[in-house]
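The letters A, B, C, D, E and F name the chains in turn, as written, and every chain counts its residues from 1.
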Amino acid sequence: MSKIIGKSLPNIPWQDKPEGYTMPVWRYSENPIIGRNGNKVSNSVFNSAVVPFENGFAGVFRCDSRSISMDIFAGRSRDGIHWEIEDEPIHFEGADEEILHREYRYDPRVCFLEDRYYITWCNGYHGPTIGVAYTYDFKKFVQLENAFLPYNRNGVLFPEKINGMYALLSRPSDTGHTPFGDIFVSFSKDMEFWGHHRHIMGPIPGDESAWQCTKVGPGPIPIKTDEGWLLIYHGVITTCNGFVYRMGVALLDLEKPWKVLARSKEYILAPHEYYECVGDVPNVTFPCAALTDADTGRIAIYYGCADTVTGMAFTTVDELLAAARR
Amino acid sequence: MSKIIGKSLPNIPWQDKPEGYTMPVWRYSENPIIGRNGNKVSNSVFNSAVVPFENGFAGVFRCDSRSISMDIFAGRSRDGIHWEIEDEPIHFEGADEEILHREYRYDPRVCFLEDRYYITWCNGYHGPTIGVAYTYDFKKFVQLENAFLPYNRNGVLFPEKINGMYALLSRPSDTGHTPFGDIFVSFSKDMEFWGHHRHIMGPIPGDESAWQCTKVGPGPIPIKTDEGWLLIYHGVITTCNGFVYRMGVALLDLEKPWKVLARSKEYILAPHEYYECVGDVPNVTFPCAALTDADTGRIAIYYGCADTVTGMAFTTVDELLAAARR
Amino acid sequence: MSKIIGKSLPNIPWQDKPEGYTMPVWRYSENPIIGRNGNKVSNSVFNSAVVPFENGFAGVFRCDSRSISMDIFAGRSRDGIHWEIEDEPIHFEGADEEILHREYRYDPRVCFLEDRYYITWCNGYHGPTIGVAYTYDFKKFVQLENAFLPYNRNGVLFPEKINGMYALLSRPSDTGHTPFGDIFVSFSKDMEFWGHHRHIMGPIPGDESAWQCTKVGPGPIPIKTDEGWLLIYHGVITTCNGFVYRMGVALLDLEKPWKVLARSKEYILAPHEYYECVGDVPNVTFPCAALTDADTGRIAIYYGCADTVTGMAFTTVDELLAAARR
Amino acid sequence: MSKIIGKSLPNIPWQDKPEGYTMPVWRYSENPIIGRNGNKVSNSVFNSAVVPFENGFAGVFRCDSRSISMDIFAGRSRDGIHWEIEDEPIHFEGADEEILHREYRYDPRVCFLEDRYYITWCNGYHGPTIGVAYTYDFKKFVQLENAFLPYNRNGVLFPEKINGMYALLSRPSDTGHTPFGDIFVSFSKDMEFWGHHRHIMGPIPGDESAWQCTKVGPGPIPIKTDEGWLLIYHGVITTCNGFVYRMGVALLDLEKPWKVLARSKEYILAPHEYYECVGDVPNVTFPCAALTDADTGRIAIYYGCADTVTGMAFTTVDELLAAARR
Amino acid sequence: MSKIIGKSLPNIPWQDKPEGYTMPVWRYSENPIIGRNGNKVSNSVFNSAVVPFENGFAGVFRCDSRSISMDIFAGRSRDGIHWEIEDEPIHFEGADEEILHREYRYDPRVCFLEDRYYITWCNGYHGPTIGVAYTYDFKKFVQLENAFLPYNRNGVLFPEKINGMYALLSRPSDTGHTPFGDIFVSFSKDMEFWGHHRHIMGPIPGDESAWQCTKVGPGPIPIKTDEGWLLIYHGVITTCNGFVYRMGVALLDLEKPWKVLARSKEYILAPHEYYECVGDVPNVTFPCAALTDADTGRIAIYYGCADTVTGMAFTTVDELLAAARR
Amino acid sequence: MSKIIGKSLPNIPWQDKPEGYTMPVWRYSENPIIGRNGNKVSNSVFNSAVVPFENGFAGVFRCDSRSISMDIFAGRSRDGIHWEIEDEPIHFEGADEEILHREYRYDPRVCFLEDRYYITWCNGYHGPTIGVAYTYDFKKFVQLENAFLPYNRNGVLFPEKINGMYALLSRPSDTGHTPFGDIFVSFSKDMEFWGHHRHIMGPIPGDESAWQCTKVGPGPIPIKTDEGWLLIYHGVITTCNGFVYRMGVALLDLEKPWKVLARSKEYILAPHEYYECVGDVPNVTFPCAALTDADTGRIAIYYGCADTVTGMAFTTVDELLAAARR
């Protein structure tokens, strides 16, 4: 049996795999866990990130307003399932007014690293790029330099330094509904200057694994295991009626995370349920966070559904490793 | 409290706002009021217009046939909810054979003005333009000159002359699924020659009110109030899976209706219900008519759902004014 | 009353037309008959073909895998409704390694002709073209030369020679989600070299029959009647939110099947039910097979729903002839 | 021999047709007559309009500045060949500030009608539409209401009332490099309110006359003859390397100018010379004005070359009538 | 030294390679040999084919008319340089009226095979496909079946049977200015039914040989040598200002011509001269014919220039073999 | 009079401004200085960079090969006008094989900084990004890390550290013929890790300065003056026949180079000459280098012409400052 290298999380949300279910990831029976009205101003709550915090959980949530303005909001939960999301977006402090100026913010990730929680998100700065901030308490948030030039989306930090450097996944993009997308990793000594960019993987052309033939992008913070980094990611195909977003998983080398040791040929979750197929953008399942329990190997994934609501799904480290190698 | 300047309509269809509901417009509990089979030939009935008539109500309905030929049909109702729609499209009489020649007709509006009911619609004449006709009795319909050159959609008359001239809202377009759209007003002394074109408002770029960032177009006949003309309109955003049509409201100056006094930043209704999200064109709510009661300030909106069925929603003059100013 | 010229099929799946139903084709009440999990590896089972075989039925099924690899699989059924589909794709034998090399396979048709069952499908060979194979027993399949150069889809054989030659319908295409499509017929003396290509029909421009204004393609094996060949086909319209696939029917001349004797102006089936409107590709009904009983004139159509599941619908030769002529 | 119905113009610029030349229109031997530096600020001078004025000629010229700002400028000439163009764009006076506000102006036409010179041009007002102004002296210019809603280009007046009304040709368009275009005529009693829109002609699809298969638009003021109105127009084809603009001619009914009596199947001039093929937009010949002499039937055409310089070409009423009928 | 396997042609047009010139193909010093006015009706003469005939030469020429109607015309020459092209397009006889019906015809090739001259060209039949005809005398032309279904262009016959069958190169395409293109070979026993389609080569993606990264298509009739078939072809790149057409050469296996033995990485001719860069479609050099002299190894290539005029260029079998292998 | 802050260059190539010429930049009378055949393998030589070196000049040249492979080559010149360019592309040494792997290289800039010459260029690494290398002698070149993730073009170094950090201009892009483009500056302490990205300027929408309404990108190494950094840049407009590339100039703050102090409304050079309008990509003038002489204020600009040949143009610091402020 493989091991998650990380902390215990005895209170991880959990349901056992349903009898007879054969896919590696199974949905929470009460999905969606957060509806359109997650706070007082929201049109939709999706593509959001959570972490264990104090005795319970904290998170950063994408809430599109009823004017369809995109911003990110802090939230708290005792059980990881029922969430109280603030009605005011996060207010960032920081050293440089130019960087603090808000255009739009969406698709956050949260990563505990060394002594604090880092937030990364798609940040408008003359185009979409990767915003970076940290907090100790989910009350005060300090915004740092944007990690990259535009145009980029889906900035996802590794939860520890690799070879003495911070490591950040991302998916370079264009200015619109980008029809391409590869996953890269970049490194930094100081969370301020980034370099050593390495290509990890791109879409798979042709018929072999067509659900990921248009673009791929990183999802939750990678999960450290004794066999490598587990990266849950999204893959996209272009149908005659638009994009379909599904979930896959890859195993990356611990020391050289741009080396792909294994990668799921089959998707691990796809839009099949009503709340995943119908909504503001049909046929989207988009993972942004995962809780893990090192004692049991349990994993709880949080994912956006149809760009409208938030769902939860369960799996284990063994299921994901098997899926990546299948 | 604000006032609708208009007639009493004690028999306006009505339901009170549900307890705890916070949005300014609420749906009729038995929606949709007209299904796909609104008459014997229809594939779908939507984007249609109704008015008080005699002791009940009359209307002009867009019924796409089962060959998906688009035409408009007269209908009658006692209560404004249950409708009998004719099985033959409206037959127009008129002075000029060239104008009477039918290519296609869709998205009608009906406006009582002076002594008769004017019908305006999207009329095929070497491209979409604004057709104009009138009736006294919803039996005999007389077609006038098209108001404009192609290419145009969403012709909506004001219910009285402004500065001694007829006033007509429209949304100039191109020949296809137009990716742009502003609202203009034009004037005429005789309902035959049009001029004095004035720009009212366009889409709102960027993140501030993104649900209306691709195009906007006028909906029902403007509602006269003591504070200005209330214009319910549609706004469109482009997602990676197509257009989403939502509803907003603006307040226009009584004398110079091209002056926008207020405009909703948040949408007032959006495709959330099954019959609005699933159908021949998913994610469309498209308002084309509104009944008003000057005594109570009540407003009943008729709107097309997913280009397939017809829904009804309720609001009041105060709710709309507050929404326009929020 | 018109006659199907063919065999008796007393065990054809059947339900009578529901009371008061007015459309020429009616759905099986227990649709869909095959869900996403039609075999152990499938993400979706649709656009598939069945024939009477021995005491029951056999078929070739498009099962997209959970890697969204498209391939075709053999299946068997006692009643034509409940199917057992193999978990391994069809393995083809043949004379030429270059032809046997698999890129992708989808949208099969099956045609009993002379002494064997021919399979035709969209076959990847430096672009989509028409693959051809035969089987006697649905166990051993022998693959022949591709019928055409790329780019082509929807190869559909006639069930007997016409003027001493094999006859094959198809829809030439491009390399992507082709926005055009006409139906052609081609002939061969030896099922190896093809020529005498004839145009049958294209989309109908304008408003007259707009559901088929973007492209049309052949569906099931044509049904021989005393009045001509009945061809059930798909027609496509482009909405602002993508393609909608509906079904129509045409009557072709027995001797010169490129002569269209009649053609449905109205669609005969369209995506109205949940399982047709919601799925991996919303709003698709795509017919690929039909069973017929010459004794009763009964016809059972198999069609793909939303590129996800398989449905069945019923009609009769008289209903279809009337629809073609309406 | 046919007759131009109009004034004598003994000083019309003129060269006889070269020996052995067989096309109906021949170029001035010293073309281009106006180069890039037509005035002090110009990057290019093209698509411009001239008329006889006092003892010589006057005109309104499109001069794109060296910031590529598009505006129109007055000019004077003694011989119609050598021009002095002002260095300041035309300053318009008028009744309504909203209409006077300049966005951009291009492609003017000038028409003497009754007692004054009317200028029409493509005028930016929340999109391109038709601006209208008049002058008596080419010094003071009074701007009237825009004739139409956006989006429109190539407004061309008839030089006299038809059936008691002003008549205006135009080509409705979209907001960009429009890939379609038909010619319409509209009428007005007062040059302020427009109606009675009639379709004249569109592109010719297929192979029959492919140089005009993408779009057509009106050129100079129509020339009155005893056989009908001669309309020189531009026609466009789309090649794999962009648009090619050529010239054609049509004959319109005198009383009902939307009736096309004849139309050139062959182009009458096309980009063959260096200054027509090379420039800011290669392969454009775009006619905007024509001088005529009723005594001799001579016609001098002014046309833009490659969106960069201005050329002149000669023909006669008999040549054009023959070309329209060929 | 390599050998052309073919006939002597002592009167082949010829100029020696200029001193110091290093490219494998050099232009005729008096290019273009045919201008726009190649016959009485032509707007342009290009993409044409010639063969030795009687004491001189004959050819089939693409002449676009001055209505830009595309058709093919017979022509004769004593020296292969000065041509007399007929003013009437070729009139085809044949067995089937449907096939004889002309939509449009362009880009002919001529191939002497067994006892007659075969003509192949891009023939409109509900889309572009490959027309086939033959003549003995360039006076009477008999049209056979189209070789393929639409959509296809550039049909080029081999000058002798291969493995007992006729062999035909082509480039499947779409309906427009196709942005892709591979070369295939197909076989026939009877010049009527075609099969055994084999892929020869496609564009070369990326940077290695980018002039041929968008599409490639066959040019003149392949030249038989003792080392294989020499195929001169066109290759296309997409720049930000459109397509550029250049020439390359490949060496194909004599017995299995779908096996590419060598292929030019560098182009052998490209649009550098004025008459190749400027014209109706800038930057096109498009080879359609080649004369060869087995005694000397000399080759004279005929190619279209800028879709406007016809040029000639010279090379030898050794130059081409070296270029193919470089 | 303003001053260039830099070295003397008495041997700068130079011609005085022609009499009567009014534009701020004038062409070298013997343009182009380098033709298509700049070295033995080139199809075209353009978008190249030169610097003073030893007693003469050295440079790095973009030579597209006759396979249209894009690479960069070293060259030497005694007078800056006549160049000897090597026939082998630059061979880079370096620490990391993955980075050294060549995909394609184009549009180099050369910058003397501290003690060596840095080369930056558009470097293929799973998409275009900015390659970085240095040389002391134009013989040995050491390649460093790519500066950024894809997708980026036009990396241009400042010639000295700013605020203690290296500063690099660039234009983020997409994977194709990018239809957008803004200029950014990024900073680094070690030429290896980059951050502090700042937006400088984007295209100018609308009519005010339309030659730069599609995209803008940095050209030569910025020129230090006592009033700020002079940045010569390219600006692009989209016509119906493609992009046109022109030149402009901006003045940037010395300490905060992302502050734009002045910017040319009019272009300073545009494609007017034959060798700028006709070539592999028509209508391109693209500056990549400038020599300066601090003693006289003279500036010699090197620019690519029609993506085919290399031109030179002259100006002075006073001319450019005046143009930036006009």
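The working rule: a residue touches a chain if its C-beta (ideal position, glycine included) is under 8 Å from a C-beta of that chain, and two chains touch if they have at least 3 such contacts.
What you see is a predicted model; the values in this text were computed from it and never measured.
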item	value
Interface with more contacting C-beta pairs, comparing B-D to D-E	B-D
Type of chain B:chain C copy interface by residue overlap (half), same or different	different
Centroid spacing, where centroids are CA-atom means, of chain A and chain E in whole angstrom	55
Distance from chain D to chain A - Cα centre to Cα centre, in angstrom	59
Inter-centroid spacing, chain E versus chain C (mean Cα positions, whole Å)	40
Multi-chain contact residues (two or more partners), chain A	241-242, 278, 282-283
Chain contact graph, described as a line, ring, star, complete graph or other shape	other
Chain F residues touching chain A - in the complex, by the definition given at the top	98, 125-127, 129, 145-152, 170, 172, 174-175, 180, 182, 184, 186, 188-189, 192-199, 202
Parts of chain A lying in touch with chain C, wherever the complex brings them together	22-23, 206-211, 213, 237-242, 244, 265-267, 270-272, 274, 277-278, 282-283
List of chain E residues in touch with chain D within their complex	36, 40, 43, 65-70, 103-104, 124, 177, 241-243, 278-283, 307
